[in-house]
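In what follows, subunit A forms one complex with subunit B and a second complex with subunit C.
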Partner chain A sequence: MTMNEEKTIDLGQGWELMQRVNTQLKNNLDGLEPKLSYEDTENLSLEKHGESILTELVHRWDHHIEIVNWLSNCFQYLEGNYISQNSLPSLHEVGITCFRVPVYQELYGRLSEAVISLNNNLLKNQANKGEHIDRSLLKNVLDIFVEVGMGKTYRKNYKVEDLSRMAELCSQIPGGLIIISRIFAAHLVVEARALVEHDEDAASNEKDFVMKAIKLRDKYYTYTNDCFKGETCLLLDLKIAFQEFWRKGVVGMSCSKILASFCDNIIRKGGNEAIEETLQKVEDLLDYITCADRDLFAKFYWKKMTQRLLFYKNANVEFEAFILTQLRWHLQPFIGKMGQMLRDLTLAKQNEVAFEDFLSTIPYIDLGIDFAVTVLTDRRWPCYKSFHLNLPTEMVKCVKAFTEFYQTKKNCRKLTWINSLGTCKLIGNFESKSMELVVTTAQACALLLFNEFDRIKYSDIKVSLKLPDKDLVRVLQPLSCAKHKILKKEPNTQTISPSDYFEFNSEFTDRRKRIKISIPPLVEKKVVVDDETRVQNRIHRSNVIGATIMRIMKRHKVLGFQRLSKECLEQLCSKLKLHRREFKMQIESLIEQEYLMRDKSNPNLFRYIP
Partner chain B sequence: MGSSAPHQVDIFEVYRRYCDIRSASKRLCIGGDRQDDELKEASFPRDALNCLLKLVDSNLHLWTSIFSELLRLMSRLDFMVDLEFSHFYDFVFFICRENGQKNITVSRAVTAWRLVLAGRFRLLNQWCDFVEKNQRHNISEDTWQQVLAFSRCVYENLEGYDPEGAWPVLIDDFVEHMSRFGFYVLKNLQLTCSSVFFSCPYFSLFQGVSIIRS
Partner chain C sequence: MPPRSSSKKKTVPANAGSTDDHSSASSKAKTKKDQIDQLFDSYANSSIQMIDPEGIEALCSDLGVDYTDVRILMFAWKLKAEKQGYFTLDEWRTGLKALGVNTLSELKKALPELESEVRTPPNFADFYSFAFRYCLTEEKQKTVDIESICELLNLVLGSQFQPQVDLLIQYLKFQSDYKVITLDQWMNFLRFCNEISFPDLGNYDSTAAWPLILDYFVEWVKQKA
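What follows is the complex of A and B.
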């Protein structure tokens, strides 16, 4: 297993050799006393207090790290193969744990006391600026704390008052706050990472994850505000740590998507008093994501919202509008679209009433069924597939009537029927009882065929509905192969093939009166779609920004950076939120492509190159 | 691209020709109005410079390395005049271009900076370390030129940097990075240091404390 095999030294012999070298190294490091470094620390420190204990700690730590490094080098082969293959903790980690367990657990209380008293001394000494070594000692000790992971408990064990006192002390030493801030941020990173790792198993559960992230943020901001008086240095470090955390996302899911799903979740739950507060928290988290990611968030939110509006029976237009105003800053690129979508739905409700009135004025039209239409304005909604479907005569009559009605209201509009979004309630008269079936329009058409024929061949259904194979399979599968077998299929298998026959299953029964038949969603590769959205989004943004810059420059020929950025912001404010960095990068790329150049004498001036 | 075999040129010759091309293009433009001048100056010498670059490429095997040649050139040039140095600085970018590419690689740029800006840029070490660690894309000519401007106007406490200016993103990032890690300390320590180092040790605060060694 170790490199001993190669040299064909047997293990015992090799081991002895290693031990000899190791002892020698330890002797060298410890001077004349050949003792184990960490046990030794323990013994020595029992008598020592204050500064000396810290000096000793730093001293021992240096030695310990030396030995750990040496041993890791020796067992490189082991580390590279056995350890990494079996995903065991690395030798370095093990080494640090060796130090942590005896030293830290035994001495922790006194160490932190010593740190505080050292801090106090530092403060006193600051006036005469004598002892710089102390400061480096403090810094070294804090470094060890961070490295060994003591930092975590270090902070955790502090009460708020302690932390405030510490903050006050540190703020008076130059650089002290930076050290504390770093420990603080490092600790946040550790906790955040734990959060991500912990959630890896329950990655689907965005809600929990976001709630935890919110809690984490609150916790750190309370600390910062209460103990550190909202020190900017800390706020900055925290912000950076959070940004880092968000950028990575969880298990391949981008933070924009997670947050959008989270919003979807709480909106579906409906209004309660806490929702405003929760949304505020979500907004706080959204502050940490980049502009591009924010656009993505808006896009995901838009997608989720269309799903809610079209397929969720408890969709509430007023509530959605309320949420939109709450989140409007973060949904900017889509806010217009989404507002219009809500208007569409309000209009649809009014239309429904008007349509009934219209029908009652014309006596010769009797639809015989309830018929409601939602008119969606083109381009505000996602692109839906509008496949052709041969409707049965009852439905054709309805469609005709509505088209006639619509012409009276808006005579130059063209209606395209999106059959894939339609739903239909059918009454099924089965042997045991009659049941209400909620199906898609295409499924209803297929089922209605069985009123005329008892047994129909797949190809005949296809001819009657004029549906392509791919769609027809999706229509028939849930009716004949899934949980609710409303149709009997021959042969009785789990897949649909063109040679199959179908028959009405009169023996079908269920304890419920109302059955919803779900249709399998189109299989799309989720990750690929997400990535595509992201790349598209980036390209789209840079195109829009680049074009705007060029338009402005073409008009002015020569323009200072400030004015250029101001005009650009003004022109883009309705389309996207412009980030300064992104804007500058776009300018750099335009210079590189030789569309623009910098003025020779004034680098803040740009020239248009015709 | 003469028909004869490419003749041997040394770095002095290349530099002389480079300066010729640049001043020729300037002379050509005298007479036009100023705006047009700059535009012409930007576009005209490209062909000539590309030819020169090809000549350099064909001679490259005769040189030990571009950087040692540059060092040789530097020792002969008189940089007392700022303009002369600017010319030379632009020339360094030109000669570092590989295979006619517009931009130069990060590693070349860093080596070149360390060479030509030594003693001229107070944050040179920090800058080079930062670029090496954080920049993944090649360095564009614009960035290259702006670094010189930056080096001239900035002090080690980052004073002189105008956050509202049109600095390239890389420089903005650098300043942000520096102010995160060192600016705070610097403000307090300025008085304790008497002399100015080109590679000031303050920023190594986190690698090991060497804050004050005056």
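What follows is the complex of A and C.
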């Protein structure tokens, strides 16, 4: 008995109590159902076929449920505390499993047969208005199927024709469609859950996961449309089931993020004929996520899009614009921003030409290097760190020239140079050959110092660049400690320290002609976004729990803590797993907000404040 | 014309009345009231018509008690003082009347009596909750920061439940889940001290309606042991 682990009272005392309750219970049960044994059920049904087996099933089921309810009531305390705290399956669930394993697993073949033949008989009789067949029996059996989860195999074993016939039949029984629709939706949940559980590494493979989700959705919609003629109640139930599936997310990742990454993936792959269709499917899935999640999706999409536009060399503004119009309904809160971003980039291209023209008209300016600027409209793009960097004279000249040029176009706008986003291409003359180095602006500044000096101290680089230590380490580390050692460092270690010396590594060589120096990514950003997601999820949960508590309290006005906890658990069991701590926290917050109060004389009692 | 004359009439008698009050201090009741008011005036900040923190400090030193003494908080409770660090004339009058004192020396003598009055159970719960509300200085403020709570706990419960209070303060300073304490949590601290056997905490039931912070506290204590 698990009860012993839970009870904080004396063990012996608790055990004795349990024994007493147990004996009493057994006596009562014997009176109710003298030969309750699942072997019996099996034997019985061996001889029974067709309708009789179904009748027997319904009969046994009724008894079983009565017993399960009885036991659940006896162990109410256990259910309200130990089980909910440890997220164990509820007593009701366990009771159902008890029925499922011996009865269903042994008999499902024969049961399905019986249901089919009953179906067919019913249909036949429908046609010739002949002998009356018990429709309520079929309805009851279907009810059991829903409850026990037999619906799963039941549907799987059917072909589309059978299903269509079933659908026709059910539409003739009052409430029949609702039942079949519940089976259907329940089965979808099972399959969806399997998808999530199966895909433990879904986080690393969003693409496959989303494709599977799309397939799942397609499958069910085909069934609904082909077999059930697109019945609204089925569509609705499917929608709810899908919403539930999405709300949970996968392995700690929210669905919004997964879908945004998925979009990012297909957009990076570029245009092909299938993309429109794929986007349509993504939109279908987006229909199932909540408003808050949709906003989050837009935000994730925006971040991904920013990265594509700024750092992805194959970024295609027209293509991005096309996708944007496709997904516009789901990107609502960010659509304006994103449109402006694309306009910025188009403008930058035009400016490039205009800038060249501008330079050619002024003979005294000779930049000596190619220089292109992308002007980003403030607040449309994420906030980028614009750290101060002491640029070499070559670059200062460029910056001046561009500022002058920009004044001629928009004289009242202020330009802020975001050095952290810049890239530079340098030609490195190494002993073996010369190679093109793609580096950040700050790295270029550091490397250019070696045109003048062979060997430079860390502190001197720092003075020249005027960078704080934290940033300077990020600049120098990939140049001297990583794969491509453009700089020789003394001592030759893996970390940068203020006492280090640097020297140009003329012996460096590589088989490629162009080398991109990667920069260690800033990890903080990711943490912030993920935190946001988690916070939103927590807010959603607490809203649901709070609303449930208030609904219950509004009805009861005054309620003890244990009963409130139990009712809340029952009402929420389909939506979320309620943890005791979360529940307590919510109650406390409602007290603080003066929706509830503790009873003055009994602190375990809560009162509703109207 | 007529309205003007009537307004004049109103002001003149009022003035006359008040000067009359001062000049004819004949009845006993009036003398007493005057004594209370005079005492008030000697500590009050005349610009705001209230005894301000400075005035309270002066009062404390005249009474020979420390500014942070629990009896001053009890005195504030008796006065039903609204705002921390300030006494209004109304609060002062009703409070001193309720204590049955008129002068400083009488007030000094009344303090021990006040303390034993507060220490009776129903009064104490009221005083205890007053102590929390007294710390709410901002408008719409509903919670008190941990640091103030620790001081307050020590002040109001320290003498009765020293070991519990010490441990609770130790926990509050250690934990990082809570930055502020609500009235409900505060009230349950008192209930905890009153009801839960110490130091074994044997009758604490985390499945009952105790605030979560006490669940955490008990967990922490048990882990520590």
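We take it that the second predicted complex is superposed on the first by the 391 of 610 C-alpha atoms of A that agree within 3 Å, B and C clash if a C-alpha of one lies under 4 Å from a C-alpha of the other, contacts with A are read in each partner's own complex, and residues count from 1 in each chain.
Here, a contact is a pair of C-beta atoms (placed from the backbone, for glycine too) under 8 Å apart; a residue touches a chain by one contact, two chains touch by 3 or more.
As the structure is a computational prediction, the values presented were derived from the model and not from experiment.
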| item | value |
| --- | --- |
| Touching partner for A:233 - first (subunit B), second (subunit C), both, neither | first |
| Of subunit B and subunit C, the chain that contacts the larger number of subunit A residues | B |
| Touched partner set for A:581, first subunit B, second subunit C, both or neither | both |
| Which of subunit B and subunit C A:609 touches, first, second, both or neither | first |
| First (subunit B), second (subunit C), both or neither touched by A:558 | first |
| Which superposed partner A:362 touches (first subunit B, second subunit C, both, neither) | neither |
| Partner chain in contact with A:81 - subunit B first, subunit C second, else both or neither | second |
| Set of subunit A residues, in rising order, touched by both subunit B and subunit C | 561-562, 581, 584-585, 587-588, 591-592, 598, 603-604, 606 |
| Complex contacts: residues of subunit B adjacent to subunit A | 35, 38-39, 42-43, 102-103, 140-143, 145-146, 149, 164-169, 172, 180-181, 184-185, 188-189, 205-206, 209, 211-212 |
| Of subunit A, residues touching subunit B in the complex | 132, 135-136, 139-140, 174-175, 177-178, 182, 233, 236-237, 240, 557-558, 561-562, 581, 584-585, 587-588, 591-592, 594, 597-600, 603-604, 606-607, 609-610 |
| Subunit C-touching residues of subunit A, taken from the complex the two chains share | 8, 80-81, 561-562, 580-581, 584-585, 587-588, 591-592, 598, 603-604, 606 |
| Contact set on subunit C toward subunit A in their complex | 142-143, 182-185, 187-188, 191, 205, 207-209, 211-212, 215 |
